[in-house]
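Right after this note come the structures.
Across the two complexes that follow, chain A remains constant while its partner is chain B and subsequently chain C.
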Partner chain A sequence: MTPERQFDVLVVGAGPAGLAAACCAAESGRRVGVVDDNPDLGGQIWRGERVHPHHKEAGAWLQRVRTASLDFLPGMQVIGQNGPGRLLAETADGACELRFERLILAPGARERFLPFPGWTLPGVLGAGGLQAMVKGGLPIEGRRVVVAGSGPLLLAVAAYLRTRGAKASLIAEQAAWSALLPFGLALLRTQPDKTRQALALRWALRGVPYRTDCWPMRADGDGKLASVTLTNGRRTWSVPCDYLACGFGLVPNLELPLLMGCDVRAGFVAVDEMQQTSVNGVYGAGEVTGIGGLDKSLTEGQIAGYAATGQPAKARRLVAARKRSQRFAATLNTAFALRDELRHVAAPDTLVCRCEDVSYDRVRRHESWRAAKLQTRCGMGPCQGRVCGAATEFLFGWPTTSVRPPIYPTALANFLESPANPASLA
Partner chain B sequence: MPETIRIKVNGVAVDVPEHTNVAAAVTRAGHVHFRRSVTGQPRGPLCGMGICFECRVTIDGQPHRRSCQVLCRPGMEIQTDDA
Partner chain C sequence: MSVPTCQVAVLGAGIVGAACARALAQADFQVVIIDPNPIGSGATAAGMGHILLIDDSPAQFALTQNSRQQWNDLAPELPDDCEFVKCGTLWLAADEDELDEVRRKEERFRAAGVAAEVLDTRQLAAAEPNLRAGLLGAFFIPDDRVIYPPCAARWMIEEAQRHGTQLRTGVSAIEVTGKEVRLSDGSRISVEFTVHATGCGTAKMLPGVPIRPRKGHLIITDRYPGFVRHALLELGYIKKAHGTDTDSVSCVVHPRRTGQVLVGSSRQFDAESKDVDPRMLARVVARATEFLPGLTRLSGIRAWTGFRAATPDGLPLIGPYPELPGLYLATGHEGHGITTSLGTAELIVDHLTGRTPRLPLEPYLPARFSGVPAHA
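And now, the complex of A and B:
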């Protein structure tokens, strides 16, 4: 028999949005559970904060989490749905059924990776990816790091790595200076706090060049990374390095919302004023409703937590703050839009799908994500297209919004007996 | 001083600080290659957050564990594809 856990409110994701939702929901006295596949809470941005606190706001929220009556289920991954009000999850020890009255989805976002020659070499990681590894105990002191890709995350990652002793030699931002300038001015005018944060980051990174209109062309090395070649569209040059930390913005983790039947509009989970999705009793909060960063996640999480537990008045008090953070998100996403040149960096033999080793040349012959999957096995490996799906969406404009259970690879034993397995319904 | 944990990577004992995840421990043990891809290419961690499945190793006999999502525990035995 699969063990079961019963909650009034179940929150999926223990990042800022999920934790804020859980704390607010718990104020109602209802039984609240928080499930996350990571071994500890905090999500990506607050990874490691419980053990090594740095971030003041994280500290305050984690204190609130400690005093709230919450059941935290770490190291547990949701892999499917066992019918209405039931999710199938697993840990290293086996399957588990999670039952709920209300569900708050805060699965966060992942980095978008784009293929370029050499990007599969060990030593080439995501920007957030390298930061997560260092927080997990990877030694970085004295290592030469190039940070590349796009978005404000690049600055935060470079500053963090530097505090841990890395030699950050360059930050290469693909966005044009002309696109970033209006963003900087808007920041200055409307977001004094964020301007201060940006200036503090720049100060922490004094001496590290921040090049805009600059992106990686290739990575080289014999069995592991030795150098990266960058371009600004006019000239190319190589920089020797031990690590390349490279991510091209964030994409939402839509697999679970899609599996639950939540409407997705323009690439994000559609929610109403109270963060409720198109599915009654299922709420969405954080990056999954639109990439917007910490403030948006915390505000949406609180609204969802209050709304899911019959506290609409408290939820409504946060609507103005949500509007502000959404406006900021919109400016951000315009400024860091990806340039067309990035669609042409991969060589014919560059792998697009790293699970099944499918080259750019083989993928581009097809007219859709589905055709490429069927003909080449692109996106059919263990990551289920989480990496190459976001890449092909940008490279070829292929929408990838379809999922099937289980949404993560799982042991057959965990799935066979479950109603989440379509075959078991027969 | 933080507590250390003794684990084995490809049969060799390594001491790592507590709260270290397996991916970081494998790197600390001097390994760059975590797994071989379906066509035999060497691979290491990419996303650091359980999404990409590039950092898979065998942990205590269980294959295909994402090393970035597992914390080291005393006595853990880890094997990479090149072991």
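And now, the complex of A and C:
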């Protein structure tokens, strides 16, 4: 029989939102579990903080996690539902069933990648992806890197790569300077901490050109990346580089919420005042309810953790803070909104879906994501549309409205109730 | 206000509607196809896409032979994305009863003059090395194929469009009254005939049509070229698939041209939710694994369900709907609509033109069921 674990509250995702939720839920004395596919706590943003602490707030929360009474289930990937109140997860040793009374979904977000000619060349990577690879041991010293796309993440990635010896040649931000200015002023006025962080980042990046109104048109190279051609809408120029790290903002990981039947509105999981989704007993916190960064994630996580464990008074005290963080998020999202020109960078033969080799020209003939999937296999490969789905949502306005299990590819043995294959038993 | 005129409205842009539209357009009918959803996105997308001969009744055998011949004749014309592959079918015999069925099949096929052969244990193991040891043999039908149905449906509609057919997706037919079809966008189309090819949807629109949705589960893997080489079906399938109301699973495994392995399948009446049921999926995988133990190691990337339009006798409903002159049914194909879409289209053209049919009309007439009102 598949091994199983039972929790009063199960939290999916061990980033800031999930950890905050778990800590607050654990205050109730209930049995709390946190599951994450990474081997360590922290999610994408606090990855490695436990071993190499940099971030004061991260340290404080990780300390709180250590003293809280909760079970951390690392290296475990939730792959689907296994009936009401049950999730199916994959571990290195096979399948495991996780049972819960209440569920808090904090699966975070991933980078959006937009197709342009040459984006499939070796050396062109996601910004966060390159950062993770360097953290994982990819040598970057002395390599020329162009960071392009949109959002504050570009600066953080460039600064990190620089500390590891990379030559950051350019940061290309697609947003207009005129759009970023009000954001900068709001930051100064309302978020002194963030202003300090931004200034520290800028200092770390001194000497690295930061160009606004600038985006990649094309990546060139013979078998591997040699240069990127950029534009500001008026002229184009090339920059030689070894790596091009791209990220066009973040998209929420909606697969599990959709599979659970949670309503999604305007691209995000819809929640009520107490972070409860449309499914009774299932809560959502962090980037899945709206891209908003650390403060929003921490606050929503706490509210969800309290609300899921019968501590509504404590949850209500955080409502004002959530409002502030949501306002900040709205300013951020307006400032870094993707420009229309990015919809027209791909050439007819540029691949949109690299799992199934489907070109932009073949995808754009269809009236919907469903029709494009059926007729071209776009999004039907092993990445299950995580890359091209986020791209086509922006390119053609096709929302993701349904998902099919498993939410990550997994050995067929993991679907068996009594796995026949001994390797699949824990 | 003038109402646009079309001779035939085909309701449903699935494989059956697409095949009917193509055949009617080629027979010089002026056709409009109506479907609220994209082409081939219902049972057509959910199915496995097996083009096969079924010999469990003379009528089904005749219809599948006619249809398979038409499919195989189309092979040179079908575009590449239809992934039409002549992999053949292997009906697997696990016990003596099933081996007896292999022998009966051999007689029926020989009598019909259709190519097929019997494989013994050793030949089967050589043909499919990943099958478990100890199977008694198999019935091999070399000319069966697999296809990717949504693209086949689209190609047929494109063919029909070349003959002047109009396609209207995004709207549904609300009402069919004699010579008029009323659409959800408020418009009306004046017609001579209407062909109802909406699978399970037919029963909703036309009460009394004896169709019950029969849910199925499938899962597809990542790419493992050569893991299976033929469309594999256990012969227990025949015993289970008919004449019973209980939930059942059987081993059906197909190779796709992409190298992916498609694994099925289950049959459930009265299951209303289209969600994947983890228990049923576990049974499907477990049953397939009994025949292909190595399946457990393959990575599954997507599971889904679909609803087959099942009739009480397992044969489709093709022909006039007696209650309403001008209305024709092309539905109730259960699990065989991809194969029999072409034979169905031929029969529909037979009915509408009065030409001499190659197939008998009677076995498929909707009027064979007492629930369907007889002609006044």
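Basically, the second predicted complex is superposed on the first by the 415 of 426 C-alpha atoms of A that agree within 3 Å, B and C clash if a C-alpha of one lies under 4 Å from a C-alpha of the other, contacts with A are read in each partner's own complex, and residues count from 1 in each chain.
Keep in mind that, in the parts below, a residue touches a chain if its C-beta (ideal position, glycine included) is under 8 Å from a C-beta of that chain, and two chains touch if they have at least 3 such contacts.
The model shown is predicted, which means the values in this text are computed figures rather than measured ones.
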Partner chain(s) touched by A:381 [first = chain B, second = chain C, both, neither]: both
Partner chain in contact with A:409 - chain B first, chain C second, else both or neither: both
Contacts of A:80 with chain B and chain C, given as first, second, both or neither: second
Touch count on chain A, higher of chain B and chain C: B
Chain B versus chain C as contact partner of A:354, first or second or both or neither: first
Which of chain B and chain C A:139 touches, first, second, both or neither: first
First, second, both or neither for A:191, with chain B first and chain C second: neither
Partner chain(s) touched by A:371 [first = chain B, second = chain C, both, neither]: second
Contacts of A:92 with chain B and chain C, given as first, second, both or neither: first
Which superposed partner A:400 touches (first chain B, second chain C, both, neither): neither
Where chain A meets both chain C and chain B, residue numbers: 381-382, 409
Chain A - residues contacting chain B, complex: 37-39, 44, 48, 51, 75, 92, 110-111, 113, 120, 122-126, 128-134, 136-139, 223-224, 354-357, 381-383, 386-387, 409
Chain A-facing residues of chain B, complex: 16-17, 19-21, 23-25, 27-28, 32-34, 37-39, 41-54, 56, 62, 64-65, 68-71
In the complex with chain C, residue positions of chain A that touch it: 80-83, 88, 366-368, 370-371, 374-376, 380-382, 384, 404-406, 409-413, 415-417, 419-421, 424
Chain C - residues contacting chain A, complex: 37-41, 45, 81, 150-151, 154, 169-170, 219, 221-222, 263, 276, 278-279, 281-282, 285-286, 289, 293, 295-304
